[in-house]
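Please go over the structures that come below.
Two complexes, one shared chain (chain A), two partners (chain B, chain C).
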Partner chain A sequence: MRRGETLLGWALVAPVLILLGAFVVAPAVLDFPLSLMHYDLISGSGRWVGLANYATLARDPIFWEAVGHTLQLALGTTVPMLAFAVVFGLLLNRRLRGRAVYRTVLFAPYVVPLVASSIAWIWMLSGHGFVNYVLGAVLPVRDFAWLDSSAGALPAIMLMTVWQFVGYYTVLVLSGLQNIPAELAEAARIDGAGEVRVAWSIILPLLSPTLFFCVVVSVIASFRVFDQIYVMTGGGPGTATITLVFYLYQQGFAFFNTGAGASVSVLLLVALMGITWLQLRMARRWVTYEL
Partner chain B sequence: MTRVWCLALVVVLVLAIPVAAQAPLEISFWYGVGGQLQKVIEGQAEKFNRAHPGIKVTPFYAGAYGAGGPMQQKLLASMAAGSLPDVVQLEIHATCTFASRGALLALDEWMAKSDHDRKDDFLPVLTNTGCEGKTYGIPFNRSVPILYWNRDRFTKAGITGPPKTWTELAAIAPKLVQDGADGKVVGFMPINQWWFFQSMTWSNGGDVLSPDMKRAVFATDAAAAGLKIWVDLIERGTAQVRTGPTEFLQTIQDFVNEKTAMYWGSAADMGAVAAAKFDWRAALSPGFDGKRLVVPQGGANAVIMAKISPERQKAAWEFIQWWTSPAEAAYWSRETGYVPVVKKALDDPEFKAFLKSHPNHAVPIEELAFSRAAAPSPKYFQVLQLIQRAQQNIISNKAPALPTLQATAREVDALLAAP
Partner chain C sequence: MTARRAGGAVLVHGPMVVAAVLVAVPFLWLVSLSLQEPQAVFRFPPRFIPERFVWSSYPDAWRALPFGRMYVNSILTSALIIGGQVVTSCLAAYGLTQLRFRGRHLAFLFIISTMMVPIQATFIPAYVIVSRLGWVDTYWALVVPFVASGFGVFLMRQAFMVVPRTLVEAARIDGAGHWTILTRLLVPLARPAIITLAALSFTFHYNDFFWPLIVTNSAGMRTLPVGLATMILTEGSHGTQWNQVMAADVFTVAPLLAAFVLLQRYLAPTSLTAGVK
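Let's look at the complex of A and B:
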């Protein structure tokens, strides 16, 4: 009986294990040897070069630019995204007329295919586009073509990314909020706490496990941003929106430096593991799992 | 009753035997153009299949064929996986990149034996078809850069004809800045891509690589001159430029929607520009004062993969030859704006009549006489991507032209020197 159940269990997870193994784990493992080679995909041959690919990366100023852009993108999407998600989550958790409508509207962008919304954003970010129409009311941005400027292109990508994904994180926050027993806030209110005080001292600490999950997921996602850049800027103008993943793609597929591309992805893997470990360490200080 | 059914089954099976024996050889054809061109290609493949019962060409849209684009990624993946297509529409500057690594079949002997694909059967379009002295590609779709102008707006501004040089263009562009139904109409829109940089550099007496293809030689005033004219026009508000991967499409749309009176695009845009509701004209690309116009060609070659079986290669060659037969080459040109690649297509009576009624289509054919090949370096299209980056820094990021080109030339030198 036991044995039968074990077998059944393995059989049930086998499809996922096989797919993950073939398309995620195996390529990730193969990346390590590939990053130590000069490998030519066209002729299908390569030779070992030790750490030469990594040395080339270290010398390439555009690689360092890509590192900078990736970090900016991680901060510039995660911070506003989570701030908005918490605010929207708190608002949508209240008894609000038309709450279902707001929730749907907020979540809708997440369902739109990223390539389609990227193309829509190209038009919205043009000189006479919607973004300038709205911002033009308070800022001198008329005629400013966001994607045609090295100063505007990366913030524009951040804006678009926040718009696309804020609904997803709002839903996570909302589900976190709904797991918080209402009596706790109720008790605090009876003791005379104001709404801000309740949010800050009761709700946020109890929400911290959810927030922690959101931060980890959002940082990883921001390191992997690709579609928007591929469609909207192609890494440009110049090198203004080249991120690590886009740099990896260019090395591998535009310059045929498969080895250099692989070494970037190895670095990405290591960096993400490091950052996530660091977040887990720091989480002990601010994440509350117990009431 | 059962017996009747059995008998019927036997009859069907017997009838099926010769069909199975004659099953056509199926070859896959990867192409990389979408939209209206996609329909033309699918239609042509069907036409070929009807005329050739022994072969079945299966066209497959493998993503845009541009340098480093989705199709080339798929091609690399298919090579790594060992499941190759048979015929591929391969971007011309990448032909040598793939050929130099043994991926493509050399076609010289086959061409010599062909009755209409010998080298002297072609218009001057056998550029960037080869590598290291051999030919690997047959011109499939070929275009040249041409200037599109809105005759209605020219007339309104009192200008009679298109500019022949950049000086003329810069002089008339301000006069063409007008108020349109939908805001300001600018005089001119360039497309900030390497193809056009090549044209301006060559037309001004410069070059991209040294003759031995070991050094970059584009960090010169001659090469920077064209971009400087663009910067100047943009700063004065008489020209505008789009940016990003969709800039080509956006610019065509801007011309069709009358946001600009002129744009410098490709002969292949004609199908899309035909949607314009005004009197539009095509003209030769602008040159530089007192210098001969020199333009690059663009487009793709039909190539056959080296590592497929000989009988598939033969079938693939059959298809390519059919594609470049005068009548089909003329049909393709009429439908798309690409130049007909073989000389005899120009004698096709239908095509002659077509050119008479569509004089715009004669412009790219005339311009072929001013075209030349790009350096057949296996690294050329990587060079072009670095140049494109420099162009964006100059036009969008307002970096000074010559120093930016100098920095890029150093990068290119390093790229060319690497093994």
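Let's look at the complex of A and C:
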């Protein structure tokens, strides 16, 4: 019986173990040796070159630009997105007519392909697009083509990314808010605290685990940005919007520098798994879980 | 008091209406521009209600690329992935929750640790593996790498764990075998979790871009997002026909938004499901 159960147990988990092993774990592990090789994708042959790929990377100014853009993107999406998500969450966290409609509309962009929304945003951000139509009322931006400008392209990508995901984080914040007992805010109101004070001093501290979690998810997501760059700017103008994953794509699949691409992959793996690990450690120390 | 409440309603609804309209704006313009002349995208100020409705952009877009085939590719590969994930995840979750066997904690740890791996960082070696298998530009490459999901196992394990042990014991005493307990008892009880897994997995794989972009190269194997991207990045002899691009965008997005409105309660992110995408 015992032995039968062991056999059956392993048989049941085997498909998952084999598939994840072959297509997630093995590739993640293979990044390391590949990053130490010059590997030819077409012939499938390679030779060891030690740390040469990493040295090339360190000398490539475009790589450092990609790192910089990725960090800017992480900051420039996470901060406004979470600020909006908290405001929307606080506004929606009450009995409110039309609440479900607001939630649905805000969340909708999350379910459509980034490629599809990128196409809409190419027009939105063009010289004759809606963004300039609105901003033109107050700023002299007429005919300013955001995506063709090396100063405007990255902020434009940030705007589009915030639009796509703000509803997702709003719903996450809402579910966090619903776990906060209503009596706490009620008690503060009875003691004469205004709504802003209640939100700032009572609700936000209690929401900190959710916010911390959202920050981590958003930072990790911005390290992985690719689709909107590929469609909207192709990394340009020039190199103005090249991000780490776009750089990885170029090295691996456009220039066929498999080794260089693998070394970027290694850095990405280490960075993102490091962030996840830090999150698990720091969540305990930084965040108020209970009163 | 009433005046104060009315003031409060304006303070809440005012910003929310503005936010909802701003979020909807790109979709609304997408539809509007798909029904106008190709040059409408260059007009300033932009005109929202078309001067003349150009309905032909839809059939023209449909013929510009093999969109019928790309629809089939997108839906078929997503469906196969979802089916595979549900089956493999339920089997594994049954083993992990209902059977006591040596090494099962280790197996579970291995499975959930894969959720931490940023998938883009695996694409270069994964491409090498897939091309060695001779799968480039086939359905195999689009489907097989995703048939197992660490998140799926995690979610189904949670769902099976909340089923009371006594219920499973009772079924066993009544003579039910493993297969009956899984298919007649646990799976029906875990239906909401299965729908959540299917819905999340569908939005992810129908929308997926990077992997289908690198493992397909013939027009007949492209999925919708890749097809859409090639439509704007490869200009024809007359330049980009923007109304057709917008039309193609609309028929890519419309079924998703419709499905979303029907299934949205299964898609709400929680701390369990966040970060999957």
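Note that in this section the second predicted complex is superposed on the first by the 257 of 291 C-alpha atoms of A that agree within 3 Å, B and C clash if a C-alpha of one lies under 4 Å from a C-alpha of the other, contacts with A are read in each partner's own complex, and residues count from 1 in each chain.
Rule of thumb we're sticking to: a residue touches a chain if its C-beta (ideal position, glycine included) is under 8 Å from a C-beta of that chain, and two chains touch if they have at least 3 such contacts.
These figures come from a predicted structure and were not determined experimentally.
Trainee: Once both complexes are superposed via chain A, do chain B and chain C end up clashing or fitting?
Mentor: By the criteria stated at the top, chain C and chain B clash after superposition.
Trainee: Using the superposition on chain A described above, determine whether A:S150 touches chain B (first), chain C (second), both, or neither.
Mentor: First partner only.
Trainee: First (chain B), second (chain C), both or neither: which does A:F256 touch?
Mentor: first
Trainee: Per the overlay, which chain contacts more chain A residues, chain B or chain C?
Mentor: Of chain B and chain C, more residues of chain A lie in contact with C.
Trainee: Is A:I122 contacted by the first partner chain B, the second partner chain C, both or neither?
Mentor: In the superposition, A:I122 contacts both chain B and chain C.
Trainee: According to the stated criteria, A:D40 is in contact with first (chain B), second (chain C), both, or neither; which is it?
Mentor: Touch partner of A:D40: chain B, not chain C.
Trainee: Is A:V231 in contact with chain B, with chain C, with both, or with neither (first, second, both, neither)?
Mentor: Once the two structures are laid over each other on A, A:V231 reaches both partners.
Trainee: Just chain B (first), just chain C (second), both, or neither: which does A:T239 touch?
Mentor: first
Trainee: Determine, for the stretches 130-138, 184-192 or 202-210 of chain C, which one clashes with chain B when the structures are superposed.
Mentor: 130-138
Trainee: Using the superposition on chain A as set up above, list the residues of chain A that contact both chain B and chain C.
Mentor: Residues common to the chain A contacts of chain C and of chain B are 41, 44, 119, 122, 128, 230-231, 234, 253, listed in rising order.
Trainee: Under the touch definition given earlier, write down the residues of chain A that touch chain B in their complex.
Mentor: Against chain B, the touching part of chain A is residues 38, 40-44, 119, 122, 128, 145, 147-150, 230-234, 236-240, 250, 253-256.
Trainee: Could you list, by residue number, the parts of chain A that touch chain C in their complex?
Mentor: Residues 5-6, 8-13, 15-20, 22-28, 30-31, 34, 39, 41, 44, 84, 87-88, 91-92, 94, 96, 98, 101-102, 104-117, 119-124, 126-130, 132-133, 142-143, 163, 166-168, 171-172, 175, 210, 213-214, 217, 220-221, 223-224, 226-227, 230-231, 234, 245, 248-249, 252-253, 258, 261-262, 265-266, 268-269, 272-273, 276.
Trainee: In their shared complex, at which residues does chain B touch chain A?
Mentor: That would be residues 67-68, 72-73, 76, 79-80, 97-98, 101-103, 183, 241-246, 250, 382, 385, 389-390, 392-393, 395-397, 399, 419 of chain B.
Trainee: Can you check the complex and tell me which residues of chain C touch chain A?
Mentor: For this pair, the touching residues of chain C are 12-13, 15-16, 19-20, 22-27, 29-30, 33, 41-46, 88-89, 91-92, 94-96, 99-104, 107, 110-111, 114, 116-129, 131-132, 144-148, 150, 153, 178, 203, 206-207, 209-210, 213-214, 224-226, 228-229, 232-233, 242, 245-246, 249, 252-253, 256-257, 260-261, 264, 267-271, 274-275, 277.
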